[in-house]
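Input: a single structure, listed below in C-alpha cells.
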Amino acid sequence: MFGRTLFPARALCSGLFKTPLRTLATRPALSIGGIYPPIATPFTDKEEVDYGKLHENLQKYCSFPFSGFVVQGSNGEYAYLTREERLEVVRRVRQAVPKEKLIMAGSGCESTQATIEMTVEMARSGADVVLVVTPSYYRGKMTSSALVHHYTKVADHSPVPVVLYSVPANTGLDLPVDAVVTLSQHPNIIGLKDSGGDITRIGLIIHKTKHLGFQVLSGSAGFLLAGYSVGAVGGVCALANVLGAQVCELEKLCLNGRWQEAKELQHRLIEPNSAVTRKFGIPGLKQAMDWFGFNGGKCRSPLLPLTEQEIKELRHIFTVNGWLSS
Amino acid sequence: MFGRTLFPARALCSGLFKTPLRTLATRPALSIGGIYPPIATPFTDKEEVDYGKLHENLQKYCSFPFSGFVVQGSNGEYAYLTREERLEVVRRVRQAVPKEKLIMAGSGCESTQATIEMTVEMARSGADVVLVVTPSYYRGKMTSSALVHHYTKVADHSPVPVVLYSVPANTGLDLPVDAVVTLSQHPNIIGLKDSGGDITRIGLIIHKTKHLGFQVLSGSAGFLLAGYSVGAVGGVCALANVLGAQVCELEKLCLNGRWQEAKELQHRLIEPNSAVTRKFGIPGLKQAMDWFGFNGGKCRSPLLPLTEQEIKELRHIFTVNGWLSS
Amino acid sequence: MFGRTLFPARALCSGLFKTPLRTLATRPALSIGGIYPPIATPFTDKEEVDYGKLHENLQKYCSFPFSGFVVQGSNGEYAYLTREERLEVVRRVRQAVPKEKLIMAGSGCESTQATIEMTVEMARSGADVVLVVTPSYYRGKMTSSALVHHYTKVADHSPVPVVLYSVPANTGLDLPVDAVVTLSQHPNIIGLKDSGGDITRIGLIIHKTKHLGFQVLSGSAGFLLAGYSVGAVGGVCALANVLGAQVCELEKLCLNGRWQEAKELQHRLIEPNSAVTRKFGIPGLKQAMDWFGFNGGKCRSPLLPLTEQEIKELRHIFTVNGWLSS
Amino acid sequence: MFGRTLFPARALCSGLFKTPLRTLATRPALSIGGIYPPIATPFTDKEEVDYGKLHENLQKYCSFPFSGFVVQGSNGEYAYLTREERLEVVRRVRQAVPKEKLIMAGSGCESTQATIEMTVEMARSGADVVLVVTPSYYRGKMTSSALVHHYTKVADHSPVPVVLYSVPANTGLDLPVDAVVTLSQHPNIIGLKDSGGDITRIGLIIHKTKHLGFQVLSGSAGFLLAGYSVGAVGGVCALANVLGAQVCELEKLCLNGRWQEAKELQHRLIEPNSAVTRKFGIPGLKQAMDWFGFNGGKCRSPLLPLTEQEIKELRHIFTVNGWLSS
C-alpha cells in the first residue's frame, strides 16, 4: 500500500489528449494510497516560518506509517505564504524525510500561468506530486469547461503527476463530477483529493474513473472509513497532524476488512477531527498539536488564536472521546 | 434484522422526561432496521389518488424483503395530499400488506398541535411508527431549542414510536446534531431518518446515541453502503420503489460483511438514485417505476411531467449502469 | 393613492391566455399601492385564535392611513392555522374594517388544486385580492415553467385578482424574474410582493412589467424607500404592525419627493424592522406590538417566546433608534 | 462632488486607536464621492498585459466626468496578475490620467502582512487610496474580530486612506455590519465599497457611520440609484467601462434630485449591468467594451471567452435596452 506501484491501465489513455506529453507518455502512474498529514507550518513569534520547529515535527511524524506528506494544503496556511516560502518549505520537507515518503505539494494559484509556474518550481523543489486546488475567485465563471481547460494545461506542463483538489469549504466551489471524469483521462492527472465529504459524490467519481486507475483520497478523517468503504485509496487528514498513529490504525483496519473495529475507532475520531477543521480551524489544529507533543503555535494574521473558552471546548472534545485526560 | 426486537437500554431512560409517558414507559422499543421504500402515490388522470394502482404496487413490493413501508415521506407527495387523503392512504396500505411489514407514516405538520393530531390519527389508521419531518416554514427560528420542544411534545402524545426526519433538500433545515442527541433520550423517540447524506454527521449521531439504542436510517440509496459502514441500521430509499430487489441485496451484502461486492453494487446504484431524487425528482421516480413494472404515472400539479429530453437522459442513466437495455 | 383606480393597459392583454377568463376579461385591475401591515394573529393562552384581541388591533390600525391589510402573510403564522381558522380570520377582518380598506389574503398552499380551493374560499370570505406564496416543498423541481403553470391555473380560477408572493427567507425559493415577467401578462395577476429585498431584481421586474400596469410591493420596511426609488407602489411591512404611523409617513415622504427626509426616517426604521423580522421573527414582532399598545402575545408552538436576553436586545434596538425610551 | 473636500468629523476620532497614526492624525479625509470604473486589464494574444491598449482606454475614459479609477478591483483580473504587474498597472494609470482623477488601487491579499506590503507599494506607485478586499480563503475563521484586527493593522500602516471592500460573489464572505461600524472609527479608514447589493444593509451601514463622515460606494450600477437614495456617495460600476457617460448621467440625476428620470435610466442599465457582471463575468464585460469602442479583448486563463451563443445573448441584452442597434 505504501510503496509506489504501477497502474498499467493509465498508460493506455495517453492518446486522448492532443498536447504532446513528452515526458509522461511512458511514465507509469504513481500509487498515492495511504495516509498523509497536510502538515501545518510553524511560525516564530514574529510570524516568520520556523524551519527548526517544522523539522522537529517531521522527525516525529516519520515514526508513523504515513505514505507521505501534503505540503501546503489548506492546513499549511499556504494562502499566507509568499511564493519563495512555499518553495522553501517543500525543499526543507524533502530534505527532512526519507525518499520513500511521497511529497505532495500544493501548487494551485488563481491563474493558469501562475499555477504552471508554481507546479514546475514545486517539482524542482522536490515534490513527487502536485496537489492543485481549484481556482475560485471568479467562481461564477469557473464552469466545468473552464476547469477542464485549466487542469489540462497544468497537467500538460507538469513534470510530475497532478492530483486535483476540491475543497468547497475554502473555495466555495465543488469541482464538478463531469469535470473530474473528463480530467481522469489525462495521463498526468492521477487522482483527486476530495475534502467536501459528500460520500455519494465520492462513490460516483470512483465508479466512473476506476477503470483508468484514477485514485481518490478522502480529504478529512471525518469520513475516512466511509471513503474506504466506497473505494477511496487513502486520506489527507488534518487530524493526522495530531493523532497520526490512530489515523493510520483506522486505515489498517479498513484495508484488512476489520470494519467493526474500524467503525468504533472512526466514531471516536469524528468530533476531534471536526474540532481541528470546521469548528476551530487551523488555530484549533495547532493548539491540539501542542498538546500531543508537536510544534503547533500561532497562525499568521488574520487568523486569530483561540480564546480561553475555545481552548476549553477543544480540550473537552478530545477528552470525551478518550484522547486526553481532562 | 427484519423482526422487531427489544432494545432494553431504551427502557432505562424514561425518567429523563417530566411529562408522564403512561402508555410508553414499559413499552420496549421497536427495531426499525432494514430497507423501506418511501412509496409513491399514484394518481388518476384527474389527479385523484388511485387506490387501485397503489394496491397493485404494494402487491408487487411484498415479494421483496422490505422491513416495511414509509407512507408519506417526501416521495409520497404528502405535501400535496389533503389531511383525509393522507390518512386514507395509510389505511389502505395497512390493509394491503402483511402485519409483519412495518408501516412508518409521515405525520409532520408545521405546528406542534397539528403534528400531534396527525400523529394520533396516523396511529389510529394503522401506522406502527410515525416519521416526523422538521417544521421549516419559519426556519430562521427553528433553533435546536424550538425543535427539541416540538418533538418532545409530539413524542409525549404519540401512541406509537417516533422517528425524526431531517431532509434539508426539501426543508432547507438540518436537524442539529445536539437536538438529535437530546431527543434520543426520549423513550418514545427511537430513531432518525437522515436524508442529508453528510456521512460525517451521520457517524457522529450514531456515536453519540448508540448507547441508548437509537437507530439511524440512511435516507437515500446513494449512501446506503456508507451508512451501514458507520452504523446505520437500514435505509429509506426512493430507489427501492424501482430497484427493490437490488437495494435489498445491497443491504444483505453489507450485513454479511461482503464489502467488496457491496461496493460494486453500490456504485451502480448511485446515478440511478440521484436521477430519481435530486436530478428529476418525483416525476423521474414515477417514470422509472413505469419502466420497471410498477404504477408510477403523473404527479399532482405543480410538479410537471418530464420533458422528452429528460426522459431520454433518465433512461440513459439506467442503461449505462446496466439496469435497462437501451 | 389609497383609492382603487384603473390600469387600462391591463385590459389589453387578456387575449394572451388561452383559458377563458369569463369573470375577469372586462374587469379593470385594482390599484394596490400603499402600505399594508401583514397582521399578526393573536392567540389565547391555550394557543387558540383570539378574535377579540384581533378586533382590538384592527380598531387601532384603522386610525392609520393604511391602504388595507394583508391577512395571512408569513407574519400571520398562517402555516400554523387550520384551513377553517384561515378563512375565519379573513371573515373577521372583513367585518372589522371599512370597505375601502383592501383585504389581501394569503391563499397559497403546496398543491395547485388546494391553492385554487383556498383562493375561491378566501374570495368568498371577503378577500379583495389573494396573495399567493410560491409552493416550495419540492423546490428542486419548482422551475420557472412549473411556477408559471401553477400561477396561471390559480389566476384562471380566482374570482379576485392575484398578487404573486416571493419570500425566499421562508421558502428557500426566489420566484424567477422570467416567471414574473410571463405571469405579469395574465390579466388576473396584478402584482408581486417581493420580500427578498434584492433591489436590483425589484428594479428589473418593474422595468420589464410596468407597461402592463403590473404593481410591485416591497415586502419589508427595510427597503421601502429604495423600493419607491425604483418604482414600487407600496409595501407590505411587518413593522407597520408596530410603527404604523411612521411607515405611512415614510410612504408619504417618498410619494411627495421629499427624499432627504425620507432617508432620515428610513435609516431609523431599518434596525427595528430587521429585529421584528429576520433577527427575532414573529415572537419579536409580537413582543414589540405589546410595547406599542397592540395585542401581540405568544406565538403558536413550535415558535418559542423570546428569552429575557433577546427581549433586552430588542428593546435596545427600538431605543437607540429613538422609538422607545430606555 | 468630484473634488476632494474635508470631513472634519473624522479628525476627532483618531484617539480611538492605540497605534500611533503619525502620518495621518492631522490629515483630513478625502472625499471619494462620484463614479469610478473598475478598469479592465487588456492582454495581448499571449496573455501579457497590454499597456498600450490600457493607455488608449484611459485616454477615452478621461472624457467622462469620472471621479477617478479603481485599479485592480475584481474586474481588473487582479487575482491573475503578479505582484509586479499589479504595481506596474497602477504606475501606468497614474501617468496616464490627470492628477485630479483619484486612483483607488486594490491592495488586498490573504495575509495581513502581505496586504500591508502591497498597500505600501501601491501608495508608492501612485495610488491615492487603497481598496482592501476581505481575505477569504479561511472564511470559516474570518470572524468580525479577525477582520477588525486585519483592517486595523493595514490601516495603521497605510500611507494613504483605506476603503473596505466587500464582494461576497467572489469571496463568499460579507464583511459584517458590526465590523464595518467598528472600523469606521479608524481615522485612516474612510469608506466601504459594497458589492453585495443588499440595500437594507447598505442603508444601515450609512445610518450607523455617517456621523463620522464614513463614505459608502455602491459596488455596481445595478443598484446605483437605490444606493444614492439611502445615502451612498457614489459607485464603482463595471458597466462604467462600457457606458461611462450614462452611468455618470445617472449619478447627476440622483444628485440633482431628478428621481423620475433617474429611475427611467436606472431601469435600462440593470440588465446590461448584470450581463457584464454576474451573468457573463469579465469575458462579457470585455466583449461589450469592444462593441463600445474600448479595448476589451481576451481574459487570462482560466477565464474562457464567451461562446457564440453567449455573445448573441449579451448583444440582445444591450439591444433591447436601447444601447445597441440589433
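First chain written, first letter: the chains are A, B, C and D, and each begins at residue 1.
Definition applied: a residue touches a chain if its C-beta (ideal position, glycine included) is under 8 Å from a C-beta of that chain, and two chains touch if they have at least 3 such contacts.
Chain by chain, the UniProt names read as follows: A, B, C, D = 4-hydroxy-2-oxoglutarate aldolase, mitochondrial.
Just so you know, these numbers come straight off a predicted model, no measurement behind them.
Chains that count as touching both chain B and chain C, per the definition above, do not exist in this structure.
Counting every residue number used by either copy at the chain C-chain D contact, over half are found in both chains. Separating the centre of chain A from that of chain B, both taken as means of CA atoms, is a distance of 36 Å. In terms of their C-alpha centroids, the spacing between chain B and chain D amounts to 50 Å. None of the residues of chain B touches two or more other chains. Contact residues of chain B toward chain A in the complex are 197-200, 203-204, 206-207, 220, 222-223, 225-226, 229-231, 257, 259, 263, 266-268, 270-271, 273-274.
Contact residues on chain B toward chain C in their complex (touch as defined above): 47, 74, 79-80, 82, 110-114, 135, 137-143, 145-147, 149-150, 153, 169-172, 278, 281-283, 300-304.
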